[in-house]
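Given below, in the form of structure tokens, are the structures.
After this come two complexes, each holding chain A, first together with chain B and then together with chain C.
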Partner chain A sequence: MLEIVRQQMICIVAPGWGGGAEIPKQLHDALDALLEDVAVVHFASIGLLPALAGAPNQQPVLVLELAVEEGLRPYDLLYRLVYHPDGAMWTLFGAMVAPHVAVPTAKDKEQLLNQLMSWHSIAAGGFVGARDRSVRQIKMESDLLDQTRIEARKLKPKYSNDRTAFALALARWAYANPRFEWAVKPAPRSYWRGKGASIGAKLAYPVAAIVLWFVVLGIVWALPRAYNWFFGEPGHVGRAIEDAVTKTSECLLTMSWHGLLAFALIAFLVWLFLVPLPAQFVSWRRWLNSVQQELDRPTQTLSSLATYAGGWLIGVPLLLAVAACALAYTVAPLAYAVAPDYMINVVEPKLPKLTGLQIVGIAVVAIAAVLCIGALFYRLNRRFKKLSEQFFHPLEDDVPRAQQIHPSIERCEADLVDGTQHMFSLTELRGPPWWSAWCIRAALRIVTFAGRVFFTQGWLGNAPGIHFGHWHIIDNGRRFLFCSNYDGNFGGYLDDFINGAAVGTTLAWRWTELRPRAPALPEQPGIAKPRSFPPTRFVVFRGVKCELRFKSYARDSMLPHLYHFDACNRTVDQINLATGLRDALFGERNEKNDDLIMRVIET
Partner chain B sequence: MRHAPSLSEQSHDIQGMLKSGFGSLTTSRFRLLTILDERLAKAWLAQLLDTGLVASAEQVGKPKQEKQQKEPLDAVVAIGFTYSGLTKLGCRETSEHPFPTPFRSGMGSELRAKLLRDEYRQWTWTDREGPGGGEVVHILLAEWKARGVASRLPAIDPHVFSVIEVGEDSDFFDGDGKLREPFGFRDGLAQPVIRGLRDQDGESLKQAREGARDLYDDRVVEPGEFILGYRNEYDELTFCPNVEGWTSASGRFTLNGSYLAVRQFEQDVAAFEAFEAANADFAAANGVSAGEKLMGRRKNGLPLSWKGDPAVPVSDSAADAFRYRVEDADGFMCPKGAHVRRSNPRDSLGIDVQSSIKSSKLHRLLRRGRPYREKSGRQGIFFIACNADLERQFEFIHQRWLQNRRFGALESQDDPIVGSQQCPKAFTIPDQPSGGEVSLQHFTQTLGGGYFFLPGITALNFIARA
Partner chain C sequence: MKLSTYEPDALPPGVRRLSYGLFCWLNRHTTVLRAFGALLRHWPSVGGRLGLAARASAVRDVLTRTRSFSNTAHAANMVSGDYLIGMDPGPTYSADRDLVHARLAALDVPADSDAEAQQRIKALSGRGVGAFDLIDDYLMWVVFHAMRPLFGAATGAVVAGSATASAQGDVDEGLQRQYMLEIRYVAGQLLAGSLATLDLRRRAEACGDALQARIDRVSGPIGAAWGVKSASEDIERNAVGLAWISHPVTVQSGALIVQELLGRAKVYEELRSKAGRLGEPGVWTDPEFRKIVRNHVLELMRFRPIFPLLARDVPRDTEMKTGARYNAGCPGGGKVSLLSIAALFDPSAVPQSGRFCPDRDWGKNDALRYLMFGYGTRQCPARDHAVEILTSALIGLLTLPRLQLARGEGKAIAYDGPLMLRMRMRTT
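For the complex of A and B:
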């Protein structure tokens, strides 16, 4: 499932660029024509990366980023591009494959295709906003939107006071118009945004997986008995097999129940402390918010340092203890199966014998104690105001060279100010690269999964306006490339990340750093001083919340684009609006659809 | 580990305009100076500082009782410098803490013209050479006075400064002491309140809270959004650039300062009145004029969604206590593209009310401009916006909200009042069952613009005397 998303975002990383810092006009136009003609590419951009330190070829590395339609394999895409009669791909890459060949032969093209396949990298993870639609679909729905607005202007004097009749007239016009025959079918969407969009569908899969697991165990347990029923009493070997299968399946069944119960209990406790208790107790809610605020605080305070220390001294051991209890409870059946005597004679006497009522009583007292601690801290802060002010007052902080932007980056932003913005960011993996790469891949798979299944309305968390955001681990796991196409401006985009998708962004970038590097070419940005990603707390806190450090880190990691292609130039909102109009015009005539049509035609 | 400076202990060093809009000083005049002689310019600055006209936040915006005990200020001056002005006066930024790129690059530059989406510029003044032309200025001198008070500014020698005067001594306050801009709208209502530096020259805190009901916190913004060196809405200390030779132990050169985004707008009152007259039917049918729909507020300052009797006067705090998302999501009252809704979308753009309010607080401006009038009759607004991060505040609002033709779900429409799109252009007024459009001409023209740095008073002394 994630492969479908990852294949939508490809980077071709080609070392040995011998050209300059500008794409010639002729090639620019040829690339536009090519990408327009193949009609499967949403966005394409070209940038130059500085050569990797220590690489034999110190010429810049050319990156061609392609954000394409869903369901297209990289080979199919590259085949279409390479074998297109215009030959723009040869003009771009030919010199890096076979120098001095102006007109490629079939063999040259095959060589180019193979080379591009070896240079290509699908995203290690990414997010696709509203681009589960095809390029053609977006264009056609935009046309429907424009034409409906034109028609609405004509019909308005006749229906200005009757919403239902007005909407019906527009729907009739759309139905009768052969230009929009294609729109009669409901707008095609990816599975999780269409049929699988409901919460019920999303819950059904994990529930079905659990039920299936238990059914499989039941079948395995029943198989030897079914055999005996069919063929009569087994021999020694058969009995041994039956015994082993029974014991193993029973043990797995009990472990599964235990695991499920432990998971449910932990989920219940998490829900209890994060949802109903904060709703019921103001002091607990404020204390909880305050703990999160302290862990996220960009500028240190005594309170944030104390909370961090408290987290290590109390929070982490407590969570580890809960996890250890859950694990012990889950694997206990295995221990009883492997060493029953040891468990009964040695372990059991050491365990406290508690009745259910006692356990419930202890749990209630523990919860009450936790609530009281929260309330106590809250009241202490209010009681000792002067001390509190000092405790929460920021400590001196120094963020060097903040709010600096390289002119080439600003120039790129200015060029795209009326369209979809684009960014390239290049950082290096820190620490042992294999470990960082493993962590990043794991984090990015989670982000990709969440984006694919849950954040299906074009928002990543609370961050709007992202068309494609993708990360690539390149150069054998040494460098990390981030590419994004988004609505808005760069600063606002990062603000959305900080406020709306802080955890995912921190997870994606926290294992990287900036090392000194020379510019790929003169007039391009380089890195003068090394620096780490803004410091995090407990992996997911702080990080991107340090606005100055994060923006400065992101800004300094950026590289300008030499070429940018946008097939549709529509915002995420416009794309969603056009699809909504299509479904409303050709869907049921009801108040919701009528109102959506009325709102859409106003502008 | 040392604590960062505390705002309450630094108000003596913060220029007064960051605390107060000087509502009781009804006359204003703005001058733009170009330095011709650096040495004499410094001497003049020192002279200005000696007059005591550059008031600190500690001296202004006090409660009425306190004012009665002491002699109230009858004239105040604020002074800001462009990047080239600071350079001219010998301030060199340090390599570790340089000024932010937008300030260094200047509003007048070609790059910023593109980023700010100013389609066409023909400026009389600017902060840096660029496509709009205009004289490059170095200093902004803003003067507020009580009616009838003579200026105590030291004489400005034409051999030291070339001066552009923006209007005469202008007074746009009506008989009730309320400021109205040339189109006739109440001005200066939706101001953020700086946490820990509230202007007390008006309603008391209790009155303001009562007026705003439970929406008072929507307007309270952390000081670091406007004053450098303090905690901002991200809970982080705002970046303070520094200059060579600055030795103060309490903080860097820019501590207690702010950036000013300044634009001089000329307002075409005749065109606006003609627009209102042409749409008189709309006003008769809706009880709200088409001009009020463009602005997004009634002329008396009440929101268009006001449910009470609009003729009954209410406090400024109550008039500014409203949101959009719940009561006016579709813009039936205040159109989605109206000027005030674009410049401060309040709770309307995010995923829910709380996150939208939080997010909109990252893009607030403290407006300290005033209307102006020239002898020739030309009038307009000299817009001054104080902010601590030009890119995140002024430039973001200008580029993404005011000049964005795809703002919200709109199509090919920029701001109806200050947008630079070619005219005639359309403006959507949503309504039931479906709204309509009106055609607009340009009602304003930008005559000049620049970024200025408003230093703290110690830094001002450093500039003048170091």
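For the complex of A and C:
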């Protein structure tokens, strides 16, 4: 399921670029024509990466980023691009595959295709904002939006404030217009945005998996009995098999129940601590907020250090203890099956014998104690104000220097000021690269899964305006490339990440660092001073919340693009608005659709 | 011109892959389909409730009632635009059909197919290599050259996708191969149907777009070669349709019959010994031998039809004669499915239907012999040409030393959904 998302965002990383820091105008136009004609590419960009330190070829590395429609396999896409009669791909890459061949034969093109396939990298993780829409659909819906607005201006004097009649007149106009015949069919939606949008549908998969598991165990348990019933009492071998199957299936069944119960209990406790208790008790809510705030605090203070230390001393052991209890409870049936005497005679006497009432009593006392401690600290804070100020006072400066932006980056941003912005960011993996790469891949799979299944309305968490954001681990796991096509400006975009998708962004970048590197070409930015990603706490806290340091880090990691293609040049909001208008104009006439039409034409 | 605007998958993840996997498996294991068909023939009312026709009479009935059971069921899977096979009868349909008949009249089969088969066999023998790919090294070319006159002088331009002078005449073989791959995937979508996974559909759409763009660039030379003065869009529609439907389906059929023949060692040996007795050039010139091989081709196609399942749209409420006591109701807006493979094995219409019998006397049911090409007025107009091309291809293979699937080097047959992508053969 995730591969279909990852395949939408491809980077071709081709070493040995012999050209300059600019794409010739003729090639620029040829690429535009090619991508327009193929009509499945939403965004394309070309950039230059500095060669990897120690690589035999120290020429720059050309990166072609392609953000394409869903469902296309890289081979099919590259095949279409390479074999296009205009030959723009050969002009771009030909010299890197077969120098001095101006007019390629079918064999040359095959060689290029194979080379591009060996250079290509599908995203390790990514997010698509305007999902389920093809380039052609976006263009057609944008046209519908534009035409509707023009028509609305004409009809405005006639209908004035009568919203229902106004919407009805627009719907009639749209229906009668043969140009919009295609729009009668509702905009297509994939499962997670359509029938699978409800929580129930999302829960159906794990529930079905659990039920299926129990059914399989039940069948395995029943099989020998059914055999005996059908063919009569078994012999020695048959009885031994029956015993083994019965014991194994019963053990697995009990372990599964225990595991399920332990999971349910942990889920209940998490829910209790995060939802009802903060809702009921102000001191609990305040305590929870302050813990999160201190862990996320961008500058070092005594308070944040104390919280961090407290986390290690109390939080982590407590969580480990809960996990150990859950694990022990889950595997206990196996231990009883393997060594029943040891469990009964040695382990059981050591276990505390508590009734349910006693356990609930202990839990209530623990909660009350946390509430009291929270209230006590709150009072102490208010009573000893000076001490409190010192406690929360920053111990370090945020960013030690003023941020310098390379002119090439500024020029790129200025070029795209009226359209969708673009970003290339290149960092190195820190520590043992295999470990960092593994962690990043795992984190990115989670982000991609969440984006695919839960964040289906164009927002990643609370971050809007992302068209295609994707991460690639390149150069055998040594470098980390991030490409993004987004609305607005760079500062606002990072603010959205910091405030809206902090955990995901921290997870994606926390295993990276910036090492000194020479620019790919003299006109390009390099890195003079090594730096790490802002420090994190417990993997997911802090990190991007160190706003200035994160922005400075992101800025310094950026590389300019030499070429940028935007097939539709619409913001995510405009795309969503146009799709909404299509469904509203051609849907049934009701208050909701009328209101949507009015809002669209007034926006 | 049809533009592909893709539709995301509205089915829950995993469901499509599962159903498509099952569909492909059934396509490859026609014995299972035949067994299922036998059950439905026995209890036709059950088939009726499921919207399935299995008896020969029922299938024939549905295929002849073209107004009640429409060919538009194919339209959704024709990724490169509308064409005859998916149209309802009408002026466009009639004009296009006339054009196709005119183009088919230009074919010179079996002379062309014989010539290419002989040339390819000679090359394969001369190469001295025991293993070859039946599809890529043989069938693809035999069919391509037999069908060259479809585009006449514009063939080079169509293959190169360019109307320039360099694209006239014989173009680079690599370009020809690329063209044939492109049309294979477009045709593959018709086989895979609405169950196809998103990536397969998207590949077919990408190839369909490329094919349309290719034809769009050379519609002038095609019109000139055809000697017609139709509107450019009419030429494009027919050229695109002719390109993708003629070649890949015949190639796939050829691969299927060879697969079936190799599974019948005795039949294969018998044919080979006959070919051996005649020797070169007798195998190509002896009309009696050609007739025997032709009968074998048809019988092999009966066992391995390329479309074992067919679908038809039901435009308005009607009833379907399934052979049960009561007709089955077919609500308008729905679909019916035809188990044509079950009809081809219906003992009430085909004597000794379970036996492999190329010389069977079909009697009054002779038309049923060609059911794999459709039936009645909507039957494939290139039926006889296709059989002749496949006969030529099979004669060529019979002149080679004994063939078998090259199992030692990975899988001998590579599938791509229901399509056969590769079929590695070895001479022994």
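Quick notes on this structure:
Definition applied: the second predicted complex is superposed on the first by the 598 of 603 C-alpha atoms of A that agree within 3 Å, B and C clash if a C-alpha of one lies under 4 Å from a C-alpha of the other, contacts with A are read in each partner's own complex, and residues count from 1 in each chain.
In this text, a contact is a pair of C-beta atoms (placed from the backbone, for glycine too) under 8 Å apart; a residue touches a chain by one contact, two chains touch by 3 or more.
What you see is a predicted model, and the numbers here were worked out from it, not measured in a lab.
On the superposed chain A, the two partners chain B and chain C both fit, without a clash.
When both complexes are overlaid on chain A, the residue A:Thr105 reaches chain C alone and has no touch with chain B. Once the two complexes are laid on top of each other via chain A, the angle at chain A between chain B and chain C, using C-alpha centres, comes to 130°, given in steps of 10. In the superposition on chain A, no contact is made by A:Glu181 with either chain B or chain C. Within the superposed three-chain model, A:Arg80 lies in touch with chain C and out of touch with chain B [touch as defined at top].
When both complexes are overlaid on chain A, the residue A:Ile4 reaches chain C alone and has no touch with chain B.
Once chain A of one complex is fitted onto chain A of the other, the partner contacts of A:Glu591 are absent, as it touches neither chain B nor chain C. When the two complexes are overlaid on their common chain A, residue A:Gln137 makes contact with chain C while staying clear of chain B.
For chain A, the partner with contacts to more residues, out of chain B and chain C, is B. In the superposition on chain A, contact of A:Gly196 is made with chain C only, not with chain B. Using the contact criterion defined above for the overlaid structures, shared-chain residue A:Glu36 touches neither chain B nor chain C, since it reaches no partner. Superposition on the common chain places the nearest Cα atoms of chain B and chain C 26 Å from each other.
Of all residues in chain C, those touching chain A in their complex are 3-14, 160-162, 172-175, 177-178, 198-199, 201-203, 206-207, 209-210, 213-214, 217. Against chain A, the residues of chain B that register as touching in their complex are 1-4, 6, 95-98, 100-101, 105, 111, 114-115, 117, 231-232, 234-237, 239, 330, 350-351, 355, 358-359, 362, 389, 391-392, 395-396, 399-400, 405-406, 408-411, 413, 426, 428, 430, 432-437.
Within the complex formed with chain B, the residues of chain A that make contact are 149, 152, 156, 159-163, 166, 293, 296-300, 390, 393-397, 399-405, 407, 410-411, 413-415, 417-418, 459, 462, 464, 488-489, 491-492, 495, 498-500, 545-548, 571, 573-574, 577, 598-603.
The part of chain A that touches chain C in the complex is made up of residues 1, 4, 37-40, 69-73, 76-77, 79-80, 83-85, 105-107, 109-110, 131-132, 134, 136-137, 140, 182, 188-191, 193-196, 201, 204-205.
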